[in-house]
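Order as written gives the chain letters A, B and C; numbering starts at 1 within each chain.
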Amino acid sequence: MARRPARAVLLGMPALLLTLIAGGCGERATPGAPVTLVFKHAKILGPADPVPGLLRRFEALHPGVRVRSEALTWSSDEQHQFYAINLEGGSPPFDVMMLDVIWVPEFARAGWILDLTAFVPAAERAAHFPSALEPAVQEGKLWALPWFMNVGLLYYRTDLLAKYGFAPPEAYDELVRQVRRIRAGEGDPRLDGFLWQGKQYEGGMVNVLEALWANGARLLDDAGRPFPEPARARESLAFLRGLIESGVSPGWVTAADEELTRRPFGDGRAIFLRGWPYALDLFELPASPVRGKVGVAPLPRLPHGEVGAGSTGGAHLAVSARTRHQALAVELVRFLTSDAAQRAMTEGAALRPSRPSLYRDAALVARDPSLPALLGLMQRGRPRPITPYYLMLSTTLQPEFSAVLVGRKSPERAIRDATAQVDHLLRAIAP
Amino acid sequence: MTDRNLSWLFLAPALLVLGGLTVYPALWVLWLSLQYRIPVFSIARWAGLEHYAFLAVDTRFWNAAGVTAVFTVVSVALECGLGLGVALALRGQRHWRRVALALLLLAWALPSVVTAKMFEWLYHPSGGLVNFLLGGRAINWLGDPALALPALIVADVWRTTPFVALLCYARLLTIPPELYEAGQVDGAAGWQAFARITWPLVRPILLVVLLFRTLDALRAFDLMFVLTGGGPAGSTETLTVYAYRALFQTLQVGFGAAIGVVVFALVMLVAVGYLRLINRESRTA
Amino acid sequence: MRAGRLRDGLVLLGLALYAAPFFWQALTSLRPDAELLPLAQLWPSRLTLAHYDVVFRLSLMPRALVNSLGIALLSTLLAVGLGALAAYALARLPVCGRGLILLGMIAATAFPQIATVSPLYLMMRAFGLRDTWLALILANASFALPLVIWLLAGFIREIPLALEEAAAVDGAGRPAALRWVVLPLVAPGMASAGLLAFLFSWNEFLFAYSFTASEASRTVPVALALFPGVFEVPWGDIAAASLLASLPPILIVVAFQRYLVRGLLAGALRE
């Protein structure tokens, strides 16, 4: 008597197992069993947040799927720390993530994100800026799709420059001359000259890199060795420090990030600002004191470099390697980076698309006439060093550069110390 | 069950927890410091003494060592001086003693992160109380490399003085008043009473407190990490903050472990040195 | 007598000024946003509970408070439980290598956390304990144990041996003597040790920051350090969160002062 139930169980087991496996592997959302995708992203800066609308549209296209949006902390460094801690040795509680472009090679090398090569056709890839796609392609495989694009540029007060008969400066000594002339003419002690981000964080690193590139210096050579043009690098650092010492830039820029510099410029208290494109939308808001008085120009050059060496930036979307809904998550990524979604983002928020075609789109240009100019800037912009170890490099170098900016170290010493530290790092990475 | 067996039964759980979570990691960190170890990229190689060789010539390390030394010496000196002063003031307290102690101990009991945020707000250039009381000058306490370390030391002294004060106060309470009366007969009063009666009796406890506080200051992390993050430009970056950055920001576990071992050795050296001093004191006393 | 009161009152005032930073933070938590930056006047035009509202509704503090409370209570129980047993053994029972064990324990209190955090992190990761309560309970208990054992061993030694001998005459074995004679007498000492252990666990930052990843286990100090701000730092909200984070320490200092002081003094004054 005891044998029959046992045999029934024995026979039933494989069948049960098979059904369970088949059910678990299925990606289709079975009716009545909602799939929730978790989308982790930073708060979108600008007047309106287009993401909720886009997510609802995705849910409408995929019945039975809910997308839960979760916000990250504000600072890029903290976001990275959050991702690193969550992804490194566990099942992270999210499926789709917004990544700063500089993290993509690192996350790919660490095995934290899904290989998207099979899911994305070549035509779809080619629709994005090459400089945006380059960091996302490692070892011939595609790891993320570009979501929006940034480039460092120079904001200037059109009214002030016109008043004194100046054109946007092409070289930095021209910028300094203009600042001196305008401030002497205006006689307003609260009018700052040139605002930029000098705080010890990734944004500060970007500013220093742009100064290096403006003088024809690189951070790493092709073999990955640091400071291949040390003399020019020294000049760039000395120039930045000089801006503060001479008063062209106020001392507090060494503790300022994007928002701390955007606000004074947006209140009309500065002549020049180095910033990202998102700020333009905020300057053109109806209540903005500088509405209609802001122009956009490529970053000036230093003696040995060229104009427009702005750093590109932006965010990519990637799928967690441990997600349980691979196909759906990839679908979400492709949806959010699609032409239609990026169009909605450009209209609604202060974000610039990663698709060059949208910069020439008649409807979008009608709303935002600065798009064609931005296209040129983006195409001239340069990405930060594309290596999985970029963040390690950056966090190692930031204190050294910061020491120069606050006047604690000379550029020579800083570069010497920075080189020693990077060499030590490289010994661990690439023996 | 024999007493001996019982003793092992009672000791075992505690020793297990301590051994596994304190002693074992202490040995492990030594082992880690001899490797190139970056778990995120699966890098795990023998490095020998390479990290230590690098630290010996690393300017950032020596800067951190300098900051740690200055922070420790100044902070501990101020705490002990101020703590003794507070204790002397409290000694005669008859009314509202509990309230007084509560006000005093509050600073010590607060979480260090709370203290850090509190002082960050006090030092704020435009919203901070300090600048307000100084007549509205927008001094950037935490952003100026020359001011950040003193500002940090003030915050730390505020936080730790109560501990010193409490211990000195307890010791002062045990000094019988007859000693002072006898001293007054001899013509010693005021400063002389302090130098001849109070000081010799308080000195032993002050030495013990000095030891505790020095070890704590060498290992301090929370306050400087949250208040300044080691900035600006490393002017408040102690060895502990440098180690933390190496470990969790650049993810160099081997290198970070090496810095940790250096802190470890420093702490042990100071502890042994102090204990010798205290032993000699108690023998000659 | 009047002079005595005046003098004591001045000392009290002095100490109140010493604690002023804390009161300032409390005032900041009630100050409306518009009056925070720049600071125009000392006392705000009106008091507001808006910051507390934000902290309770929109931040992770409520969950962090629960985490901190649970972790602190459990690690205190663990530390005092294991510590009491070990202290009794060291104080009363024959232990071979007692000197070595005591020395080891003293040395353990000097271990810098920054040195042990990386191996512990790897350990927690290997056991899958990252972002769990257990990781912090174990870490905090291990750090509090030496102090607890040290304190309790001292308190136990103060209890006259005669009491236990009397119990033995009555037929009680060691465990019974411990349970019925020693523990009740050392209970105040255990309270002191427990309060110190709780306070340490509540305030602990480094391990909590390194081992936790999400609100599942994030404690109050970590939540405070990572307080989110989109554009600018929300000083009022942070002040409110700081006040909440300080509630247990305040309670201990005000209500359980006697035990706290006793614990602090016993720990330091015993050679």
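Just so it is clear, contacts are C-beta pairs under 8 Å (C-beta built on N, C-alpha and C of every residue); 3 or more make two chains touch, one makes a residue touch a chain.
These numbers were taken from a predicted model, which means no experiment stands behind them.
Of all chains, the one whose mean C-alpha position sits at the greatest distance from that of chain C is A.
Chain pairs A-B and A-C differ in how many C-beta pairs are in contact, and the one with more is A-B.
A separation of 17 Å divides the Cα centre of chain B from that of chain C.
With centres set at the average Cα position, the gap from chain A to chain C is 41 Å. Residue positions of chain A touching 2 or more other chains: 88-89. For chain B, the set of residues touching two or more other chains reads 39, 248. Chain contacts: chain C has no residue touching two or more partner chains. The touching residues of chain A, when paired with chain B in their complex, are 77, 81, 84, 88-89, 106, 109-110, 200, 251-252, 254-255, 388-389, 391-392, 395-396, 399, 402-403, 405-409, 413, 417, 420-421, 424-425, 427-429, 431.
For chain A in complex with chain C, the touching residues are 43, 71, 73-74, 78, 82, 85-86, 88-90, 93, 259. Interface residues of chain C facing chain B in the complex, by the touch rule stated above, are 4-5, 7-9, 11-12, 14-16, 18-19, 21-22, 24-25, 28, 36-39, 42, 78, 82-83, 85-86, 88-90, 93-96, 101, 104-105, 107-108, 110-123, 138-139, 141-143, 145-146, 149, 173-175, 199, 202-203, 205-206, 210, 220-222, 224-225, 235, 238-239, 242, 245-246, 249-250, 252-254, 257, 260-261, 264-265, 268-269, 271.
Taken in their complex, chain C has these residues touching chain A: 125, 128, 130-131, 213-214, 226, 228-232. Contacts from chain B toward chain A in the complex involve residues 36, 38-41, 43, 45, 47, 50, 54, 57-60, 125, 140, 143-145, 229-235, 237, 245, 248-252, 254-255.
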